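In what follows, structures are represented as structure tokens.
In what comes next, chain A is part of two complexes: it sits with chain B in the first one and with chain C in the second one.
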Partner chain A sequence: MSGRLSPRLLRSLLPPLSLAALLIAIFWLQPRTMSYFGLNLLLNLAIPIALATIAQMFILCVNELDLSIGGFVSLVACITATWLHDTPLLGIAALAGLIAAYAALGALIHLRNLPSIVVTLGMSFVWLGLAVLVLPTPGGNAPEYIRTLMTLKPAYIPFPIIASVVIALVVHVGLMRSAHGTVLRGAGGNPRSLECAGWSLLKIKMGMFALAGFFGVLSGMALVGLTTSADANIALRYTLLSIAGVILGGGEFVGGRVSPIGAVIGAITLALAGSFLSFLRLNPDWQIGAQGAILIIVLALRVLIGRAEARK
Partner chain B sequence: MTGVATLIRQPWLWAWVGALVVWLATAVFTGGKGSGEVLSAAMTFGAFFVIVALGQMFVITLGPGNVDLSIPACMTLAGTVAMKSMDGASAMIPVGLLLALVIGAGVGTLNYSLIRLLRIPPIIATLSSSFIFQSAAIWWNRGLRVKPPEALADFTTAKIAGVPVIALFVVVLAILGHVLLTRTIYGRGVVAIGQNMRAAHLAGVKVERIRAATYIMCATLAGLCGYLLAAFSGGAALNMGEEYLLSSIAVVVIGGTSVAGGFANVPGLWGASLFLFLLVTMLNTFGAGAGVRLVLTGLIIIGVIVAASGGKART
Partner chain C sequence: MKSLLKVTLYMTTAAGMLLGQSAMADTSDKRIALSNNYAGNSWRQAMLRSWEKVTSEAVSNGVVAAADAFTTAENQVTEQAAQIQNLILQGYDAIVINAASPEGLNGSVKEACDAGVTVVSFDGIVTEPCAWRIAVDFKQMGKDEVLYLAEKLPDGGQLLEIRGLAGVFVDDEISAGIHEGVAETGKFEIAGSVHGNWAQDVAQKAVAGILPSLPDDIVGVVTQGGDGYGAAQAIKASGRDMPIIVMGNRHDELTWWKEQKDANGYETMSVSIAPGVSTLAFWVAQQILDGADVPKDLTVPFLRIDQDNLEENLANTEAGGVANVEYSLEDAQEVIKGAM
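What follows is the complex of A and B.
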């Protein structure tokens, strides 16, 4: 019997359990959210955060850290709301260019052995600056097809839930279940042995950064689809949210230990934390603080489980 | 000759060279008009950067993963609480200062307890605690902007022969930091931990005690900076610490401190702070808009890092 509830299992169950606890608390406080419409409203804004968190996860997977993802998502949002709407070809080219820029960043960090924290720190200024140049004042329009997609009303299951499951599963299969994914994660676990086995670390880093850029682009587009307009500061807080989301979902800073499903769950948990507080009718001033507190509680639980694991 | 050779190898040299080049470029562009004022302003704003960067430098030197992300929230909290309790009364200045320092020390203690007890990576620990401090500041302040006591505001803007008093004060602080880093057991311990934590532990360095002291000192300095900055800018604002998150890290790294830990220097902090401020001023004088300014700032930070790294292969 005890084998079934091993600490290892508990550890992987922690992210979904925290999310479930939070959801139950929200349902209990505000039963009206337990409906198609309520869930839709509750989880809508979690989609872009989940996508940004997946982007951050790819970077963390190769032992780097991206402090620019918030600025990047903002820039994508600005481009989506202006160029992609007015001149689609230019918009697509710009977004493709941004993904290429991310791959180039990966190459630069690897080739020159630069600290990713500092490089992405610099890039956060660059992305924000470009966003200001593209869209000096808040505004713009969401392209019709993105708007349609993000406001889909499928039968029975609200769109945000379907979207989250699809995102988590696609990345899970690609990164955790495929041969290529194993190699990519190996670059975080033991880069040297991977290199000895004949893989190019440069290509892996570039690939991972490009993937991060790709999901960053998706995040920005999804965000504009929800908000219908953009401004240069729209997603700056995503940087910290995305890091927190990955860790909350069971990821580690080093060693290539990440979990896509966990990351999506972590992002949704963080996004819901704010709603939870407003339903509690606590002071709205403590909204941000609640996200911090939830993060700390989950991490504390993880330590307790980790201790039990070590004792075995 | 050996003197020149040693000078060139100093990691902090490039920040100073950069600051000088940028200042000269501005001076040439304006025909030397207002260059003195620019320098004076750079010293004032640079001083605020140096205060927080000093603490961040010790934290970063502890080794990979050690970064204090709670600096902005700590500054805001210390600034708002101090301003509100002083309520503009000059007699309360020492009380306000003490409050700011105590809040800083408290923030640091909490940060370290999270790192130690929960074994969370410092980045996440300081990140999550910063959410709480930020909320506390919002809750305490309620959007009010309390004016600082006049005497304190005067102190932060006073100048002696064109040199801001606060810059002189921070120069002394930096010298103390330098002595602390290079001449004390504590400072050598920080560097030793950054180079190899296990070796440092085996060599008898009190690793945990030093880490605790470092995080507490960093947050205390952030509290001090929040106090002075709030006084300087006519009251505490909720977003006053925002730019200090990235700037504190940028200043430390541009100043020649290794982001991987184990190697630090204080003179580079001043050079990098002046460089960052003068850079923005230069771009302003050239008539660049906000967007161009941000892009160039970012590219130049990366450029400095690329140039300073020398492309050594990972070993």
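What follows is the complex of A and C.
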């Protein structure tokens, strides 16, 4: 069997391979994308999606699901485009408050043993309502430093690629390679034994939700840096995109089995899938379906690999 | 022989057009894309059909090399932003946009401008300064309704106002125009106002609900479109005299008006925005690519139907649809000249 790839390796190779296949197809369909300028335009909107996906990954890691991340990112975008731009101190305080609110949500879900789907679904309306209050009509301005960062044109390698690699590596090292990260993931894998070993599950959940809130804030700020202004509905799509991104990147809904690098790759794959279908000139009525089909194909491949793994 | 004659005729017209519009050939290698955020109602469907009709003719006449329409699958800002960036990558020379958000697309629009792409927004406009805007003057539309009534009813009287969807900018604008018209003409009083949500069934229920509390001498009903037929049904059911109901170019409204006109000489007018405004945006984009000097802010002309051109417009409106008009290059030049 030594000549064949192990299912485990295959499984971790699946996300990058899907991404590579998609990229090759896009380069072939639209050679113009194969340039510094092209890659920049193709990938820059994937950065906020990747950050939102990382946020979702932290939640999935402790066996919960966040249906409010889209509304949350929209609210952050609205605050970034208004308060953070006009009165930076108030803006920073508001964003820090939002992260604390996320930690409190984690505590609430843990202490009252509430289903996270219900709590976050409810919160999504709260975030959206707050976003409308902060910014009743679309507008605002991106703070200059965020705009500068997001439109950075470094030599040779387009900024979106550098940003994705940095995000993936930082989270990978923190969550997958550090002792503390192992404990955090353990809260999803085997919470009971973790508790018996003396760790506070409450603190872990609060920490994970706070991390999710932090990356949600980064996502909203990055989004405003790209769009230059905000809209209360700007990121509603991110809820589903982020969940799909984590799963596409090799994560599981339960068991603390997640992969930060995979999640970033999954988010980029989803963003590129839209471009790919658009370059194909597919009728828009079919595009949602086609996007779903790409997801199903990748997941079906994973199930096949999973079976091979189980047979061993 | 007949076809030969047709070809000759066609060539003469084409030559005539070329002579008249010396600049036309300059855009023959240019490609224009339509980025549309939503296609889920009859107005948008008509808009896309008009685009298809006018641009395919322009492409076959060699005015432009391509004019492709793209609609996002979901009406979402981030999705349309990505779509616009894809269109830049596909090498279009101009992008015509009906935007999901006036502000949320500005980053992508800026990317397009920086890449040398001409951006023209219409209906759902964008605020990025580098783009052109073809906006609707909804306020003037509301005012025009009252001015028409003032002309028809020199003695003035009580009006019923049917508003649109609460909290939407369009509703506020049209209503502001109506109130401005009332203040300016000084002979009307708005006896009551209800929200009809631009839908016949909602308008009918709302009007039926408010009628008992209104004085008997309502002389006119000012509307926002899509609500005139429902109002007429409610007033008919109450047994009151039919006031002048301003219509909004919907097929059912025009049909009802025609029936009344034939039966008892009922007179009114109808006004709305033609979905064919997409074709106006197309020609404006073509003119900009051509090097014409076009102001950044243009205004869409209204499509107004009066007593004498009702039959003609009704015949051109499909059942369940909205009266439409497709714009020509000359119309676009007229609009541009008007904005100078």
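Assume the second predicted complex is superposed on the first by the 308 of 312 C-alpha atoms of A that agree within 3 Å, B and C clash if a C-alpha of one lies under 4 Å from a C-alpha of the other, contacts with A are read in each partner's own complex, and residues count from 1 in each chain.
Here is the rule we go by: a contact is a pair of C-beta atoms (placed from the backbone, for glycine too) under 8 Å apart; a residue touches a chain by one contact, two chains touch by 3 or more.
Quick caveat, the model's predicted, so the values are computed rather than measured.
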First (chain B), second (chain C), both or neither touched by A:303:
first
Which partner chains sit in contact with A:288 here, chain B, chain C, both or neither? Use first/second/both/neither.
both
Pick one for A:88: touches chain B only (first), chain C only (second), both, or neither.
neither
Considering only touches as defined above, state whether A:154 meets chain B (first), chain C (second), both or neither.
neither
Regarding the shared-chain residue A:243, is it in contact with chain B (first), chain C (second), both, or neither?
first
Quick check on the superposed pair: does A:133 touch chain B, chain C, both, or neither? Answer first, second, both or neither.
first
Quick check for you: in the superposed arrangement, does A:97 touch first (chain B), second (chain C), both or neither?
neither
Overlap of chain B and chain C contacts on chain A, residues 285, 287-288, 291
List of chain A residues in touch with chain B within their complex:
65, 67, 108, 111-115, 117-119, 121-133, 136, 240, 243-244, 247, 253-254, 283, 285-293, 295-296, 299-300, 303, 306
Touching chain C in the complex: which residues of chain A?
30, 32-33, 37-38, 41-42, 44-45, 48-49, 137-140, 223, 226-231, 233-238, 271, 274-275, 278-279, 281, 284-285, 287-288, 291
Hey, which residues of chain B end up touching chain A in the complex?
65, 67, 69, 114, 117-121, 123-124, 127-132, 134-136, 138-139, 142, 246, 249-250, 253, 259-260, 289-302, 305-306, 309, 311-314
Touch list for chain C against partner chain A, complex
39, 68, 70-74, 76-79, 81-83, 85-86, 88-91, 101-108, 110-111, 115, 127-128, 169
